[in-house]
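Here chain A shows up in two complexes: once beside chain B, once beside chain C.
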Partner chain A sequence: MIKIIKYILLDILRNKMVLGYAVFLFAITFTVFSLEDSTQKGLLSMLNLVLFIVPLVSVIFSTIYVYNSSEFIELLVSQPLKRSRIWLSIFVGLAGALSLAFFAGAGLPMLFYEPSATGLMLLLMGLLISVIFVAIAMLAAVHTRDKAKGIGFAILLWIYFSLLFDGLVLFLLFQFADYPLEKAMIGISALNPIDLGRILVLLKMDVSALMGYTGAVFKEFYGTDKGLIVSLSVMVLWIALPLLYSLKKFNRKDL
Partner chain B sequence: MISANKVNKSFGKLKVLNEVSFTSNSGQCIALIGPNGCGKTTFIKCVLGMVVPDTGTITVMGKDVASGWQYRSEVGYMPQVGRYPENMQIGQVIEMLTDIRQSHKTIDDDLISAFALKALYHKRMRTLSGGTMQKVSAAIAFLFGASVLILDEPTAGLDPVASEILREKVLAEKARGKLILITSHILSELDELISDIVYMQDGSILLYKTLNALKEETGETKLSRAIAQIMTNKPS
Partner chain C sequence: MKTIAILLLCIASISNIAISRTVMVGASHIDKTIRSGIINANAHDTLLVETGIYHEHNLVIDKPIVVIGINHPIIEGEHKYENVSIKADSVTFSGFSIRNSGISSIVDYAGIKIHNRHHVIIVNNILEDCFFGIYSQYSVNCIIKNNKLIAHQEQEQQSGNGIHCWKSDSLQIVGNTITGHRDGIYFEFVTNSIIWRNVSFGNIRYGLHFMFSNSDTYAANVFEKNGAGVAVMFSKKVKMYHNYFIENWGDASYGILLKEISDSYIDGNYFERNTSGIFLEGVSRVEMYNNDFTENGWGLKIQASCMEIVLKNNNFRGNTFDVGTNGSLVLNTFENNYWDKYEGYDLNKDKIGDIPYRPVSMFSMVVEKNPPAMMLFRSLITTLMDRSEKVIPSLTPEQLKDNHPLMKPLRL
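Moving on to the complex of A and B:
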């Protein structure tokens, strides 16, 4: 398995796109921190960047990569290799390359300017979100044979998680404004890894006071160690479930 | 070595394999022939585990294809259309496969030298012509000394010299007692190569006979004419 991962990593790194992504993140992170006087504000800008651009690049790059390596997959499947190992190797290769790019591009300058708990949390969220969206992309790619459809589906998932979901939550809140929804919001926020990441970072920033009563409830739950463990486990589930489902699909797929 | 038991496969509404049952042993060289779209390639892909049958079982050397994967180290496969990672060089592909296969047996690079592929090792796969691609596929299929060889239209696209080299190689491997499965539409080139014939139509095996039996039955000396007679007289 390590051999396959090696070949996949080599193949991804030969592709200049990941390198470009890392350089882009590096440039943006430096710019953001140099523009703002307080690093807290810089972190806030970085948060939005991490929550928008990282999942987008992660999901699109991974989907396209899986489609473009269909020849590679076909070649490997006819060799004495277990199918699930091939699929997991692709996942590890993609997740590794994209996490590495995020760490080198955004993580290192962030640690340089803001080596605080907030900075570390943001770094952790960026890495987790990179990996989560690789898993989601692999699910989208295994689902449809058609490349255009698959990429469209992946982008749709990204739009849902980063834009539509918040709209739906707002809609719910307004419709049921008469009921105490604060506790339920904790459960609902677990349905979206991007929101979960946002909440965890914002709570570290002490701006949760701005979020009103819901913010206080969030703080009470997510601010504790138990809440942190629960939310990190939920994010790990967000990696494991799409990955396992796509693995199951891939094992039965006709090539 | 390869046996299939009531294999069924449909792609959507299209039934590609219909209750295919088949057994074969080492030392046989079997020609799998039939009209386009009769399920030859699908059957081969089922044997390799690339297509998963809906029902039925296939075993290779006594091992179930659905549950195992180790059996593929004893299978050499030459696809109809070789599909390789586009930006890898020929040398890199061969090196990678050797690395993955970890074959403790000696590497059989007869075809690599016969096709003079070493001189092309630095060429990227996407720049190759159809014929060169076929040469690479053939070289890879024979590279690991596998005891089952599956060749899907091996000579399509090869020049006369190269197809003669490949033919000699198949004869040599047959003499070593390997099981060889060939699909082809060029019946004349199969004549001296094969020992048995499988004729497929619409996803089922219509006929499975030794070459001699077939020739005797039809009274023809040429395979192509014998098959033509079967096809025209076939009970409908």
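Moving on to the complex of A and C:
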């Protein structure tokens, strides 16, 4: 298994696109922090980057990669290897490469400019979101044989998580405005890893505003160590569930 | 005739000085208690009290004398009595440590209480665990200066106000430190007074509670981490200069809560890390110049019931929302403020932005209507909504804008 991971990791890292991604992140992070007059604003731009660009790149690159290596996968399957090992190796290779790219590109300058609690939380969220969207991409890729369809599905998932879901939440909030929704919102936020990541970072960034009533409910839950552990576990679940589901599908798939 | 009169007056005053004595109180003197010292003293004498613990029950000062404690002698209230009651004019009371006054829900026991008097001076005392700290009722021209008030109650009912002033006039409250009380400083029906250089922090309710008190000034005070910030209500002609309002956190907590205030000035104040810097309701004719709003949740929450408020030359930096409001009616003026979220340009380089800045974001209106929407803060959809709102304002008040925003922050 380690051999396969090593091979995939090297293959991806040799791929110019991941290198380009890392350089792009590095350039943006560097510019954002040196251009903005306050690091607060810099962090804000970084938050947008982590919440939109990172999942997008993660999901599209992974889907394309899985489709492009379909022949390689077929070759591996013909060898005396367990299917789950092959699939997990691809996942570890992809997740490792993209996290590494994020860490080298965005993480290092962020640690250099803003080694605060907010910066560290943002870094952690970036890494988690990279990995989560690799898992989601693999689910999309295993779903259908058609490459175009698969990529379309992956992009749709990205749009859903970064835009449609929040729109739905807003719609629900106004439909049920007469009910106390503060506590329910905590549950709903767990249904979207991007929202969860954003709230965890905001709890460190916009402390004053979040001290209002609703914010206080969030703060009470997410701000404590227990809440942090729960929300990080939910993020891990967001990696594990799509991955396991895709694994189940892959095991039975007619290649 | 006139010269004789002046001469007589001089003689009278000299003889007066000649008669005033110093009475010593302490374990080694004839007067073992302050009470007997007061009985033996004449008007305008000085009582010097040596260090020690005095159980005086309720000490009544009923002569115009000066009472000075050496090294903070302790007046113990045993949780039952009002430690010191001042019932004479022109009393000076200084240098004592006053502890454990009675607590009651019927009587307002205080560490030191001024009963309907004038020209009383209370300085350099330390009050620990008193119900009310220093209580002034119907008093005129009194000075309360450099006292330290510390209480440790946790519940509002069990705790009185630090410096409580009721129906008084021309008071000077200067350089006191107040913590752990219900309200740090409480003003009700107090006029022509000044609150200057006090520090009020960690009080259960308000750092400063101010009602029906006209023509007062409070300047250079620090209000930090109070349960509900500072409330200034139902008053006219209040001047608020150069105060610090820091870290007042909570949904109903404000740097300043202004309610029904008119003809007042708010200048040079500093608001940092409050949930709301200033909350204004029913406020009219108030001028706010040179204030600094930094890293607040809402810099300013201005209800539609306010009118003729002028906001000029203020800095808004790092606030989550600069201005929040609840309606579309705007009768206030925003002019020449610095907003760090301003994205306009300055073509003629006069350091004033060429396009107006709208400090109320669409999302702050959404949150005002539906607080749980805070969950979506800084998400893509709300950013898109804010952008489109900037192009075509529909939900945010059209008139609420700064036509001449500054490009650079003011040095305040």
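Here is the rule we go by: the second predicted complex is superposed on the first by the 249 of 255 C-alpha atoms of A that agree within 3 Å, B and C clash if a C-alpha of one lies under 4 Å from a C-alpha of the other, contacts with A are read in each partner's own complex, and residues count from 1 in each chain.
One rule holds for everything that comes next: contacts are C-beta pairs under 8 Å (C-beta built on N, C-alpha and C of every residue); 3 or more make two chains touch, one makes a residue touch a chain.
No experiment lies behind these values; they were computed from the predicted model shown.
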So, after the overlay on chain A, do chain B and chain C clash or fit? They fit
Is A:L47 contacted by the first partner chain B, the second partner chain C, both or neither?
second
Ask   = Between chain B (first) and chain C (second), which, if any, makes contact with A:R252: first, second, both or neither?
value = first
Examine A:L75 and indicate which partner it touches, taking first as chain B and second as chain C; both and neither are also allowed.
-> first
Is A:G223 touching anything from chain B or chain C once the two structures are fitted on A? First, second, both or neither.
neither
Between chain B and chain C, the one with more contact residues on chain A is chain C
Message: Just to be sure I read the superposition right, which of the two partners does A:G96 touch: chain B = first, chain C = second, or both, or neither?
response: neither
Quick note, chain A centre (C-alpha) to chain B and to chain C: the enclosed angle in degrees to the nearest 10 is 170
For chain B against chain C after superposition, the smallest C-alpha distance in Å amounts to 39
Residue overlap on chain A between the chain B interface and the chain C interface none
Residue positions on chain C within touch of chain A in the complex are 249-251, 253, 273-275, 295-298, 317-318, 320-321, 340, 366, 369-383
Per the touch rule, the chain B residues reaching chain A in their complex are 11, 45, 48-52, 69-73, 77, 79, 83-88, 93, 96-97, 99-101
Given the complex, residues on chain A that touch chain B span 3-4, 7, 11, 14, 69-72, 74-83, 252-255
Within the complex, chain C is touched by chain A residues 38, 40-41, 44, 47-48, 51-52, 162-163, 166-167, 169-170, 173-174, 177, 181-182, 185, 188-189, 194-195, 198-199, 202, 206-216, 218
